[in-house]
Structure formats: structure tokens, C-alpha cells
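Alright, structures below, take your time with them.
Two complexes are shown next, each including chain A; its partner changes from chain B in the first to chain C in the second.
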Partner chain A sequence: MWELIRANKIKSLVLFIVLGFCLLLLGIFLGSYYGGQEGGMYGFFIALGIWGLMSVISYFSGDSIILMMSKAKPVTYDVHPQLFNVVEEMKIAAGLPAMPKVYIIPDPAPNAFAVGRTPEKAAIAVTAGLLSTLNRDELQGVIAHEMSHILNRDVLFMTFSGVLLGSIVILSHVFLRSLWYGGGRRSSGNKGGGQAQMILMIVAIVMAILAPIMARLLYFAISRKREYLADASAVRLTRYPEGLASALEKISNSTYDLQSANKATAGLYIANPLKQKGRKLANLSSTHPPIQERIAILRGISQGANFINYQNAYSSVKGGYGRTNIIPASKIHEKHNVALREATTDVKQKTKTKTVRDLGDLMKKVNNFVFVTCLCGMKFKIPPDFKEEKFSCPRCSRINHVPVAELATLAGISDVIGK
Partner chain B sequence: MECPVCKNEPMIVLELNEIEIDHCLKCKGIWLDAGELELLLGDAEKGRELLEQFQIDKSSQEKKFKCPICGKKMEKISVGDKNRILIDRCKNGHGLWFDQGELEDVIKEGTFDKDNKVLNLLKDMFNAD
Partner chain C sequence: MVTLIVVVVIVGFIFLSLIGIYNSLVRLRNQVKNAWSQIDVQLKRRHDLIPNLIETAKGYMKHEAGTLKSITEARSKAMGAGSVKEKSAAESALSGAMSQFYVVVENYPDLKANTNFLALQEELSSTENKIAFSRQNYNDQVLFFNNKIQMFPSNIIAGMFNFVLETFFELENAAEKEVPKVDFS
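What follows is the complex of A and B.
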């Protein structure tokens, strides 16, 4: 695994420098547009300041910001035991030093992501929709994919480059907007400078338009490669490529849009949460390889769960383009042959109603509802803001008690974590 | 979710035989999220048929309630020819509100609940009310 990690570190550094350079150059040009030579200096320092500040913030609290933005809630084992079991299983398989924290996003759109700057301090977030639509094998595939991101230090890389990209986007956005609305700075009383001003303005506009695009393409190109690698690692960990393949298929077939995802966080998810219709540029500018291609590669794997098997399937799916190595050389030549495994037997088909109920229950549990079952069989799902301590069952008129203590603890937990 | 009629009164969720209903313990009204009526009837086709019978009633003077999901004022819907039942529907399609007994009346209006399966289930659920 070390070569993978080192390769990622070097790549991260290169990307980091290139993007940083991009940002500073943009700062200089925008600055000199507004204030001449002196302004260039200011622009440089402002850009540097934004970058520095955002990097510090993202290093120390990037993961909690992302989790907060995605409306992910920390959950206990009881909310979804299977999820915890699968995470623990994959944690052991991947040799992660600590159990990642587990979060659930109360949203019906199936998706997942991982955050954390080191493998010791990582978190995995999955949506309620993912848990209610996937079976155990599929869930395992998704968790293994996320685990690989943590293990390969992809998360740190994505956070930092995401922050840099964000700074560039913000700077050029603000500049272009101010041009649009304010018409820019008029240099009055200095007619000689008019032409220089004009050139500066054109350069600044071109920079402001090109920088974010270039930065994005660079960021996306590398992030796509990481997705393949994480898929390959997931196959290695689960020894069952069909699990991840069918999970991806279900995710891509979902008609839901993930409400809490946006352009900034889209790259983190296992599959692009923002569905865009009929976009030609999609291949160039997406953080993820086309999902159909990922599925085709996974389904093309035969003979074994080693990295070489994934690379072979990749090459045959990609045809002429497939000669690029997505797996570092040392991983290709593994000593042990890892065999594929059979599907686990519990492939029960859930009814549609059951799926809807499971999804609803999960969302309620995440939102601190308490579940009470009356002796007559009626189930009650009580919201956290329910005031009464007891109520009578509308079916059998038995008096049921609201577990007030449990409600309070649940509210307490989310308060503490919320802070 | 708060009861649109009683306000500040959280509704609790009841589940029996995979049927789920948001219920206000105070006014005994019922809220059905979008799609729940179809699940209750056990048939998307029947549900659509019933929903197509719904007519917006502009003449109604009944007090307008707010949708518990989006907070926008709901519109009045009249169902049936003989016994006009007035229910509330969210304009944004979030769901339907039935005052006590109205859901049973609406289902009685339809001709599809032949063996009274849905009606019996509802009666069973609110036996004590």
C-alpha cells in the first residue's frame, strides 16, 4: 500500500502547487486591474490570505464542515446494526487503525462519501436511501470503496484541492460579478493609462474565466483516476465485484436528487449526486468516471480479485485508451492470489412498500424519533418534540408511555455533536 | 411534523400492517404524505383513479390550513357527488389532510374497495377513537 500512498502524496503536492500558482496569478491580475502595480501586490496577498485561511480551516475542521453541509448525522449501532457490522468488517479487512465514525444522511437519494485527514480520524457517511435500497453485498462494496479512499489518503487530497479550487472559483466569481454589476473601475483623469487599463482588463477577464475551468479539469482528471483505484481496492477487499457493480447500478438508476449536495461537495460522493441531463462535456469535467463504464469494468472481472484482474478488465473495457496503468506497478504483481467469492445467500427481494417503510423509519431514527410498540401490535413513531409523557392507543385505548429519558438522551447526543 | 389544525401539536406516526399514517392525537386528524394514499390502497392505479376524482373547491368558506411540510396554505378539495367531503391538499403536492373520519368517507366514495379491506384496516386502526 505504501507506494500507492506515496504516489498520492506526490501527486497531491504537484496539484497543490499548480493550483496554488494558478490562484496567486489570478490574484495578481485581478489586483492590478483594480489598482495598477500596487494593486497586483495587494491582489497577491489577498489571494494568499484566502488560500491560507481556507487551508487552515479545512485542515482542522474541513471534515466537520463537509458533514454539516451534507446534513449528515452521527448515529449509534442501534440505528442500523448491519451498517456498523459491514463498516467494522471492512475496517478489519483494510487494516484501518481505528473504526471510522458512522454518519447517516436523511435523504432518499442513494449515495455515500468518506472524510477525514488521517485514517485514524475518518468518517463514513451514507444516505438513508442507500441503506434502504442496497442488500448486504452491495452495501459492503460501497463501504469498501469509501474505506479505500480513506486508506489511500484520497480524502486529504480531495479536501485541500477542493479548497484551492473553491478559492479560485470564488475569486473569479466575485470579479466577474463586480464587472457585470459595477462596470469595473473607471480611470478618470488619467487618459494615458486607458490603453494599458484596457489590456489589463482583458487579461483579467480571460484569467478569471479560464482559471476556474483549468483548475477544475486538473482536479477532475486526478479525482477520476482515484475513483478507479478505489473501485479496484474495493474488489480486493470484498472479493465480490458484483456487489459494488450492482450498487452502482442502483445508485445510477435512482431518480432522486441528493438535496444537500452541491458543486463543491459533489466530488466526494461515490457517484455524482447531481444528475445533469444531456451534457456532452460530462466526460471531461466530471469528478467521476462514467458510472456505466465503472460497472462494465467491475462486471468484466474474472478469475480473481487482485489488482491485476481489475487492470485487465479496465483495459478491455477502455480499448485503445486502456493502456494507462491505473494501478501502481508494485500492486500489479501481488504474491498472493485473491480468489473471488460467491454471493451471500440473503438475497431476499424486499417489497416496494417495505423499502419505503425502511427508508422512512431510518430517516426518523436519524432525526431522533423514538419507536414504541403497543401491546395490540400498533407501532408508534414519536417525534422528538412530542410533549406528552403518555398517550392512549387509538386502536385499543391502552395507555402507552413515551420513553422521555430516551428522547432526552437522543436530543442530548445530537446537541453535543452539533456543537 | 405539526398538526395543521391544532398547530404546535406534533403528530405521531402510526404503523400497522405496513400502512403508515401521520396522526394528531388531539383532533384525530390524519395526514398522508405524497404517495401514501396509493400505498394505503395497495394499488398505484386505484390511487391515481381516486386522485383524479379530486376537484378544487374555490367556493368553500372553510378555514384554510397550512401544509405541515412547506407551510404554504393548502387548497380545499371536494370528493364525491352525493356527500361532498372537503379535504385539504398541499398545492406543492406534499400530501393530503383529512379531518377525523374523512379518510373513511373518501374511501367509501370510491368503488374499488370491494371487500372493504382498506376500510376495515382503518376501522381497526382507530377502533378506540
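What follows is the complex of A and C.
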């Protein structure tokens, strides 16, 4: 694993330098367009300032902002023991120093993501829909994929390069807009600079148009590569590619849309939460490889769970284009062969009604509902803002007491974990 | 004068790299120890869970006293084991007894419907997984460490400071080691 992280670090560093260079150059050109040579300096510092400010904000509170935006709720072990067990299993397999925090998003669309700038301060969020549709092996595959993102420092990379990309887009956007609306205080007075002014303007416009596009393509290409790498690492951790493959299949077959996802957070999820019509051109500007291709690669793995097996499956699925190595060379030549394992016993499919009922119960549990069973067998789910202390059962008209204390502690717990 | 400087630089370089090798050996050995203690935690958890499981199952499985007894025996044997080798053997025996138990459980639908039993079963199967994953992690660490001890030039330092090879945590389970037979008849 360590070589993977090192290889990633070098690549990320190169990307940062290229993107950062792009941003600062853009700043200089735009600045000198407005204010001559001095303006170039100002432009440089303004670009640097935007970059620095946004990086600091996203480094220190990026994960809480993302969790808040996606409406994820922190949960305790009792809400879903299996999820906690699976996360802990993967934590052990990955050799992570601390247990990540676990969040559930009360949404029926199956999806998941991970945040955290270091492995010590990581969090994994899954939707209620994911938990109710996947079996144990599939859930393990998804969690392993997320764990690999944490382990490979992908979250940090995605945040920082996302910030750089954002800064470039903002700068060029502002510039092009101001041109369009006839703004632009030309540095008047020096008539000799007319031609230079012209050249500067053309260069600035070309840069402002090209920089965001180039930056985006670069960003997407590397982020797609990281998705493949996370899939490969997930196989290495679970030794069971079919788990992740069938999880991805179920996720892609889902007809729900994830309500709380938007363009900014879409890149973090295990599968793109924003459904788009499968156009070929979209492949260039997508953070995720096509899901069918990922499934085909996972199903193409046969001999073992090593990285080389994933690379071979990748090459055979991609055909002529598949000659690029998506796995760092040092990891391809693992000495001992890691065998695949069998499915665990929990492979039976749930019935559709049970899935729907599980989903409803889970969403209520996440939202701090308390469950009460009447003596006649009727089940009640009491919302956290229920004011009465007792209620009568509609079937047998027995009087049932609301566990007020439990409601209060549940609300208290979620407040505490939230902080 | 120049030769002196060259000699000093070379000696200093060798000395520094020796320190580096020694420190990396110590770090790897600590990682092996840490990985082993993680296995230990999970094994202990399994030992703690088994009595509960048997207690729950007892009421339903009156005719399977033999199966339950063999689990209890395997458990106490595993708890008494000391060295890595002994533990490997005792724990695989326990795993064997447990899988035997799960096969028998299939005949008791009442027990399989018991929520308490289901929760325990999830806990135990998760613990089994955790044991497997921490074993995987431990063996990886042992491999790194042993490679370092046997390879030049770190083998010289390892010999000087008595670093010894660590043992892999292998499963002695015959079923897991056996090559699967394919029968086309």
C-alpha cells in the first residue's frame, strides 16, 4: 500500500504544480491586461490569495461542509450493527490507524462516499438505500472502495485539486464576463503600447478560455484513474471482486436520484449520483469511469486478488486503449499470490417488500424515531417531536407509554456525535 | 587533507546508513508486534462471544450436545495456547468446530429465527472476518520484516543485533489447504 501512496503523492504534486502554474500565469496575464506591468503583479497576488484562502477553508472544514451539504447524519452502532462491523473489518484489513466515523444519509438512492484529510480523521457516509438493497458481501465491497480512497489520500487530493480548478474557473469566468459587458479599464496614456496591448489581450483571452478546459480534463483524467485504483484496492482488501461488481450493478440499476448530491460533491460518490444520458462525449468530462466498464473489469478478474490481476482484466476489457498502467509498477510485481475467496453465506436475496420496509425503518432510525411494540403485536414508530406521553393502540385500544427519556437521549446523542 | 575528508565522508555515510537500516528493522518489528496484538484482540472477542452463542442455542438444540461440547473444548484449548504456532493450530480447530455448528443450525428453523441468535451470529461472523483480515495484515508485515532480515545489506545488521525471523500465522485447516478437486464425470 505504501508504494501506492508514494506514487500518488508524486503524481498529485506534479498535477498541483501544473495547475498552480496555470492559475498564477492566468492571474499575471489578466492583471497585466488591466493594469500593465504593475497589474501583472497584482494579478499574481490576487490569484495566489484566492487559491490560499480557498485551500485553507477546504482543508480545515471541507469534510464537515461536504457532510452537511449531503445531509449525512452521524449514527451509533445500534442503528445498523452490520454497517459498523463491516467498516471495522475493512479498517483492520487496510491497517487504518483509527476507526472512521460512520454517517448515514436518509435517502433511498444507493450510494456512498468518504471524506477526511488524513486516515486518522476520516468519515464514511452511506445512504439508507444502499444499506437496504445490498447484502453483506456487496456492502463490504463498497466500504472497501471507500476505505481505499481514504488510504490513498484521494480525498485530500480531490479537495485540493478541486479548489485549484475552482479558482481557475472563477478567475477566467470573471474576466470573460467583464470583457463581454464592455468593462476593462485599459491602461490609457502610453500610446506606444497599443500593439503590445493587443497581443496581451489575445493571450489573456486564449488563456482564460483554454485554462479551465485543460485543467478540467487533467483533473477528470486523474480522478478517473483513482476510481480504478480504488476498485483494485477494494479487491485486494476483500479478495472478493464479485461483491463490489454486483453492488455497482445494483447501484446503477437503481431508479432513485440522490436528492442531496450536486455537481460539486458528485465526484466523491462511489458512482456518479447525477444520472446523465450516456453520451460518448460525456466520458471525457466525467469524474467516474463508465460503471458498466468497472463491472466488466471486476467480473473479468479470475486468478487472484493481486493488483496484477486487476490490471490484466482492465487491459482485456479496454482492448487497444488498455495498455496504460493504472497501477503503479512497484505494486504490479507482488511476490506472493493472494487467492480469491468464496461468497459468504449471506447471499440470499431479500424480497422487495422486506427491502422497502427495512429502508423505511432505517431512515426513521437515523432520524431519531423510537420504536414501540404494543402487546397486541402492532409496531409504532414515534417521531422525535412527538409531544404526547401516551397513546392508544388503534387495533386493541390499549394505552401505550411513549419512552420519553429514550427519545430525549437519542436526540442528545446525535447532537454530541454531530460535533 | 583531501583523502582525510574523503575518508571521513565515506565513514560518515556508512555509519548513517547503518543507523537507518537498524531503525527500519526496529520499526518493522514493532509493526509485526502491533499486527499480532490486533489478531489477539479479535481472537479474545471470539472467545468471549462463544459462551453466549452456546447459551442461546442450548435451549433449541437438545440433541446436539456433542457439537456444543466440542466447541467449548476447542475454545478452552485455544484460550490456553501460547506461541504463534500453537495458536494457529488451536484457532483453526475452533474454526472447524464453529463451521460444523453452523451446518447443524440449518436444521433448527426456530433457532435461526431467534433475533438474539441472529445478532450473535452477525457478531461472530464479523469477528471471523476481522480475524481473517488481521491475519492477512499480520502476514504482510511478517513478510516485509523477514525479507528485510534475509536481504543484503540489512541482514548484516540483523545478525549483529539478533533480529530473528517471525512466524507466519497459517491456517492448519486441512480443508482450506487442500487443492480443490475438479470432477468432470
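Here is the rule we use: the second predicted complex is superposed on the first by the 353 of 419 C-alpha atoms of A that agree within 3 Å, B and C clash if a C-alpha of one lies under 4 Å from a C-alpha of the other, contacts with A are read in each partner's own complex, and residues count from 1 in each chain.
Basically, contacts are C-beta pairs under 8 Å (C-beta built on N, C-alpha and C of every residue); 3 or more make two chains touch, one makes a residue touch a chain.
Keep in mind that this is a model prediction, so the values were computed, not measured.
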- Message: Between chain C and chain B, which one touches more residues of chain A when both complexes sit on the common chain A?
- Response: B
- Task: Determine, under the contact definition given at the top, whether A:396 touches first (chain B), second (chain C), both, or neither.
- Result: first
- Item | Which superposed partner A:89 touches (first chain B, second chain C, both, neither) | second
- Task: Would you sort A:355 into first (chain B), second (chain C), both or neither based on which partner it touches?
- Result: neither
- With the two complexes superposed on chain A, say which partner A:385 touches: chain B (first), chain C (second), both, or neither. first
- Message: One more residue to check, A:81. First (chain B), second (chain C), both or neither?
- Response: second
- Message: With both complexes overlaid on chain A, does A:377 touch chain B (first), chain C (second), both or neither?
- Response: first
- After lining up the shared chain so the two structures overlap, which partner does A:367 touch, if you call chain B first and chain C second: first, second, both or neither? neither
- Item | chain A to chain C touching residues, read off their complex | 81-82, 85-86, 88-90, 92-93, 95, 237, 335-336, 344-346
- Message: For the complex, give me every residue of chain A touching chain B.
- Response: 353-354, 356-357, 360, 364, 369, 377-383, 385-388, 391-397
- Task: Sort out for me which residues of chain B touch chain A in the complex.
- Result: 1, 10-16, 18, 20, 23, 25, 28, 35, 39, 124-129
- chain A-facing residues of chain C, complex: 35, 38, 42, 102, 119, 122-123, 125-126, 129-130, 133-134, 136-137, 143
